[in-house]
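Next, two complexes with subunit A in common: one pairs it with subunit B, the other with subunit C.
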Partner chain A sequence: MNQPKTAVRRRPGKLVRALHKHRFIYLMLLPIAVYFILFSYYPLGLGIVSSFQDVKLLGNATFSGLSNYRYVFSNPQYSQAFVNTLIVGIGTFVLQFVWGLLIALLLNEVKNKVAKSAIQSVTYIPYLLSWSVVGGLWILLFSPSGMVNGFLELVKGAEFSPIVFMSEASFARAIMIFTGAWKGAGYYAVLFLAAIVGIDPSIYESASIDGASRLRQIFQITVPNIVPTMKVVAMLGIMGVMRNFDQIFIMGNASIYDKVRNLLYLIYTDGITQFKIGPATAGATLVLVATLIISAVARKLMRYDDTYED
Partner chain B sequence: MKRTNRGIRNELTAPQKTIAWLVLGLIFLTMAIPMWNVIVMSTSTALDAAASGMKLWWSRFSLEGYKYVFEVTKLARPFLNSLFVSTVGTVIQVVLSAFAGYVLIQKELPGRKIITSFIMLTMMIPGDLTLISVYQMNKQLHLLNSYTGLILNGLISGFSILLMRNYFTSVPYSLAESARIDGASEFRIFGNIYLPISKPGLATVFFIEFVGKWNSIMLPATLVTEQKYYTLPLMLKAMILQTDVSQSGAAMTPDNAIMAAIVISTVPLLLIYVFAQRFLLSGMTLGASKE
Partner chain C sequence: MKKTKVLSGMLAGCMLMSALTGCGGGSSADSGSTPSASGGDAAATPTGTVRIMSNVTGGKDDAEMKLFSEALSKATGLTIEIEKPASDYNKVLMQKLQGGEEYDLIYCGANEYVQLIDQGALLDITDRVKNSEILSNNIDPQEWADITVDGKVYAGFNKKEVHRVVQLNRQMLEAAGIDYTKIEPTLDGYYKVFKALKENNTTKDFYPFNCVLSESYDLQPWFASAGLSNGVREVNGKKTCAYATEEAIPVWEWFKKLYDEGLLDPSSFVDQTKDMRAKMEASSLKTAVCVDWAAWLGLHNSNALAGGISQDQYEIVSLPGTQTPDGSYKLVKGSASLFAVPANAKNVDGAIKVLEYFATQEGGELLSIGMEGNDYTKEGSAYTQTETGKAHGNDHGAPVPIFKDFVNPLGYNPGVEEALALGQYASVDPSLADEDTYKKTVGKWGIKMVKGEVSAADGVKGLSDELATLGFTDK
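And then the complex of A and B:
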């Protein structure tokens, strides 16, 4: 064992010893580092590079400047997909937010434990399921012989002729927004309820001693106290607006694509099935940048970062 | 529960309560009736399932839909594919997340800051936006249409690593330090001190990631074209597509069989919900809370 004797050599010796001491830690890190480099960083870099290239099926890719970006900006399919993304995404988020909040506020007033947990489970379960399940379910419910038409027939009488909901462009966005919120409302309700449970019960007690009605307590105690959670939920929702692939992949079809095809789905069909790698990666890079900007702006606007500062 | 104000009943008035129950009842029915309809249709005959009406009760109970999905659609293969890929992937993910979480709590680790940002930054890169390049990379590595590809993609997530790190930080650092002074190896400290305390964390990661993998659509849709590697969501998509109006002419899967396939893909998740609800909910509320 050769201990370094001079003060000059002690510093590197210390580092070497620290590295040696942590050798198992680095060994544990190794698979994670390899994974992230291969599956996160490399694709990110490759995507950005490809967006400036003309990628061909055969032969080498050539540098093509901004032509892919020009293609994306001038292609009406992309601008249409952008509009669809915003309308369906924001519509879904707003409906889901209100729906989830309503569930949480109402459930909080339910004293019967069995009813409470039954309702919470039923509203939460759709969130747990994949879009292939939820989408498949609603496609059948909206089919001409499905439950929705059955219900309308019950209401409107026998002369009612069934509507082919899933291929009717005028219903398409409403259906996506409704089913999206149907799937996610229970999840938001869980988040809101968790916040409501955390409110100090003594606030309610003193309010009721002061003669405030329960309804007033809901609006003046419960709601203000869960504003921080609302902000978190809003951030999650806003960041998710751009990233709704599964629903359109399962529920979209040729007769409604003009109304519901969103950016992610268009990027997928352009890149994977049509092999237009350049435009698709340019589109993906733009959505990535847009997502980062939107979440940064939303953070600022909602003063999100101050929320938990004491 | 202590009641300080026994005299005052802090509740809504009777009319308000009625309205609350009505709204809640309506919401409940909107959520429950569609799911009930799935169960009824899946256990009806193809003829009854295709008839018009609300279909909230059986005219004839029948398991022919379930028979159809196993004999004609051959759903067993995609079901086992999903089960295999999700289970193996999740187990590896739990182990690696624990490793990475443990790395992140080492206070004296040289390069700790760089390693932390290296891992955290991956959470800023949405996997769905690098999909095209992920496809190309998988092609270069010959991972398309393979179980290895299905398992490897999405194997590690920053979220699970953070979750494990949070559990590990609750273990007093001095405990590990004194074990180290006593000459315990790093693996023993990790395995005998940290892992046992963090069992709920491991369970949370397991169930959350299993649900995520079981439901995954985009990655399998990108990586797999051969039917023998289809996972359940892809098979369901293929079954639904056949009933699509624009695809008329193809052999149609009857509605009761589709509903049966939906029930079958839901059962494992319902089991998890019933037996591991606590872990699912804690993980999901944690995912939405700020650091």
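And then the complex of A and C:
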């Protein structure tokens, strides 16, 4: 005898239940998601598609397989630019990180509020200025009649003949790294300082009672307590290692391009000034992939996720 | 967490890709549906709207742009709409064309012209040019020859390009006991001039000679002494850069001597043209000799006059540089400044009408001295420049219009006519699609040689090898 069938209603899945439960939050997030899909991920997708096409300014694009990637890989300027990108990018990040940390630690020791605010403003202002301003300023300072040569003349005497720093290939990367770090150090300092002021003062009080010197307190209390912030700052910095364009565009010149011309600059010249859209998007896709790889490796090495999963 | 990792990485690249995606995947225009390029009905008067994408041509601000469009509309009987991006012209042009915008004329320089032809973005107007009496008769045939690519023409002219001349500060020369008309046109002759200028001027940071070394244009008047021409040219069936040959060595060594002896401004390695011009100005006087466009000579002089400095106190004069072994001179003429017809233009007849107007006396006046009532007033045949006109320096896109018999009713700026007369020695460099990289490569090796980082012999070899590797020249 057949048993009467009973209607069994399947319980909705965990995801559906979660969506239903938080539907108003998701509804509020929808415009933001749409914004990112339309203005970030859709163009990103189009860009990747274009990298496999022969794209003309007018007329239909045609599929061209890997020819754009072959162009990029066979062009010695791209391989040189890749090396320049990594050296200048990583160099700038490391110096900016250390410089920013140093400013924050030192600022934390300044007790006079006015002096503290003034120093903080002075170190932060370069970050707010565009590279047109900052680059022009440093070009002037490094010029044969600029302040740096003036100082050297003062030290070495009248026989000193000015150095054209901006045309010296041997100085080029160091100048880019230094000026890049100079511009951004104040920003990192603000982030570190925000973390430092959040440290419980009672820890310092206890350490003082136990006789810990100020220097010891810095290295054994302050620095360990801001490690999570340092990890975030490091991740953001590493993700931006390959994104430097403005500085090279403003400060580069014929005599130093071999040492500083980076991938974004080449992509710009190929894509915007020469209308070679296919190779430019292929180059940009490779920058994206390289950024993903570098970010993933850095994340693993820093145990970034462990910090937030603990 | 894995999703977060991937998404955060993707976000890092999004900004970069977004800049290029306006360029990607666009496919709107169908060049096959473009209007006939061969000329249509020649008897019909073009009507309708002509949309122009302009870079330098037009008014100096929005209000003036409106006046310019109105004047052009009135003169041609067309409705003229002009778009003039405030900056990043190439980027805007690329995005507009990719986005399917339709223009009837787009401004471009000679390099972009070659690139746009290569992209299939321009319409062949060869037959229309041939069928137009104005375009055929009012413009020097050599100008057309210079912009003919594989027997086809895709654009008309915005202006007549002038040439770069050696510019000298007359008062500084006279103070050093030099009459500029008697300078010996050799490298040694100019060396003596620079030496005398330096000895006569003790101003700190004064260098008698400034030369933007990264711009290979500036080098031509000096390399003429060895009979060498600027740019990449075909010699015995091979693409060659004369500056990278053994014949160029004495000239590079001459530059090095100038640098070693403090006669060449060391900032020449990094200066841009605007920096060099600033040093030539009456308000600066940091240099006495440079190579620059003929029109700029007039601007230096007219700016000084406007500032109350008489020509007895400051005057820039021109010379053609060093003599070639056969007794002539060599100067670089600017590569063309054009208005091209895009492949998707809707009103080609109207576009041709505008190009014809630009090649007439009246069109030339609009492009140079500007709009009547705004830049100048006219009573009978007498033109009087207004204060606004004076501030605009006779330039609304074409300081020297393309019409071969053009007469500037207000006259040229002081010194320009003398400089223009040297045009007989000037020629256009063959166009290169990636001229920027070419110039930077020549500049880089030139600077190495001048600074003494490499010997001139090694330098020309290095330059030659790199240009060949980059595909500019044949090995």
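The criterion applied here is as follows: the second predicted complex is superposed on the first by the 262 of 310 C-alpha atoms of A that agree within 3 Å, B and C clash if a C-alpha of one lies under 4 Å from a C-alpha of the other, contacts with A are read in each partner's own complex, and residues count from 1 in each chain.
Following the convention adopted for this analysis, a residue touches a chain if its C-beta (ideal position, glycine included) is under 8 Å from a C-beta of that chain, and two chains touch if they have at least 3 such contacts.
From a predicted model like this one, the values you see are computed outputs, not experimental measurements.
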{"item": "Subunit C versus subunit B on the shared subunit A, clash or fit after superposition", "value": "clash"}
{"item": "Partner chain(s) touched by A:A284 [first = subunit B, second = subunit C, both, neither]", "value": "both"}
{"item": "Subunit B versus subunit C as contact partner of A:I209, first or second or both or neither", "value": "first"}
{"item": "Which superposed partner A:V83 touches (first subunit B, second subunit C, both, neither)", "value": "neither"}
{"item": "Touching partner for A:F39 - first (subunit B), second (subunit C), both, neither", "value": "both"}
{"item": "Partner chain in contact with A:Q53 - subunit B first, subunit C second, else both or neither", "value": "second"}
{"item": "Superposed model, subunit A: greater residue contact from subunit B or subunit C", "value": "B"}
{"item": "Touching partner for A:V94 - first (subunit B), second (subunit C), both, neither", "value": "neither"}
{"item": "Subunit B versus subunit C as contact partner of A:I272, first or second or both or neither", "value": "both"}
{"item": "First, second, both or neither for A:S143, with subunit B first and subunit C second", "value": "both"}
{"item": "Which of subunit B and subunit C A:R299 touches, first, second, both or neither", "value": "second"}
{"item": "Offending stretch of subunit B which, after superposing on A, collides with subunit C (from 8-16, 206-214, 242-250 or 260-268)", "value": "242-250"}
{"item": "Subunit B/subunit C common contact set on subunit A", "value": "39-41, 43-44, 46-47, 50, 139, 143-145, 162, 164, 166-167, 243, 253-255, 264, 267, 271-272, 277, 280-281, 284-285, 287-288, 291-292"}
{"item": "Residues on subunit A engaged by subunit B in the complex (per definition of touch)", "value": "15, 18-19, 21-22, 24-25, 28-29, 31-33, 35-36, 38-44, 46-47, 50, 99, 102-103, 106-107, 109-111, 119, 121-123, 125-126, 128-133, 135-141, 143-145, 147, 149-151, 153-154, 162, 164, 166-167, 182, 186-187, 190-191, 194, 204-205, 208-209, 213-215, 217, 229, 232-233, 236, 243, 245-246, 249-250, 253-255, 264, 267-268, 271-272, 277, 280-281, 284-285, 287-288, 291-292, 307-308"}
{"item": "In the complex with subunit A, residue positions of subunit C that touch it", "value": "1, 5-6, 8-27, 29-31, 90-91, 94, 97-98, 112, 115-116, 119-121, 204-205, 213-214, 262, 265-267, 269-270, 342-344, 433-434, 436-437, 439-441, 443-444, 447-448, 451, 469-470"}
{"item": "Residue ranges of subunit B in contact with subunit A within the complex", "value": "4-5, 8, 10-13, 16-17, 20, 23-24, 27-28, 30-35, 37-38, 41, 50-55, 96, 99-100, 102-103, 106, 108-110, 115, 118-119, 122, 124-137, 141, 152-156, 161, 185-187, 190, 211, 214-218, 221-222, 232-234, 236-237, 239-240, 243-246, 255, 258-259, 261-262, 265-266, 269-270, 272-273, 280-281, 284-285, 288-290"}
{"item": "Residue ranges of subunit A touching subunit C (in the complex, touch as defined)", "value": "39-41, 43-44, 46-51, 53, 55-61, 76-77, 139, 143-145, 161-162, 164, 166-167, 239-240, 243, 253-255, 257-258, 264, 267, 269, 271-275, 277, 280-281, 284-285, 287-288, 291-292, 295-296, 299, 305, 309"}
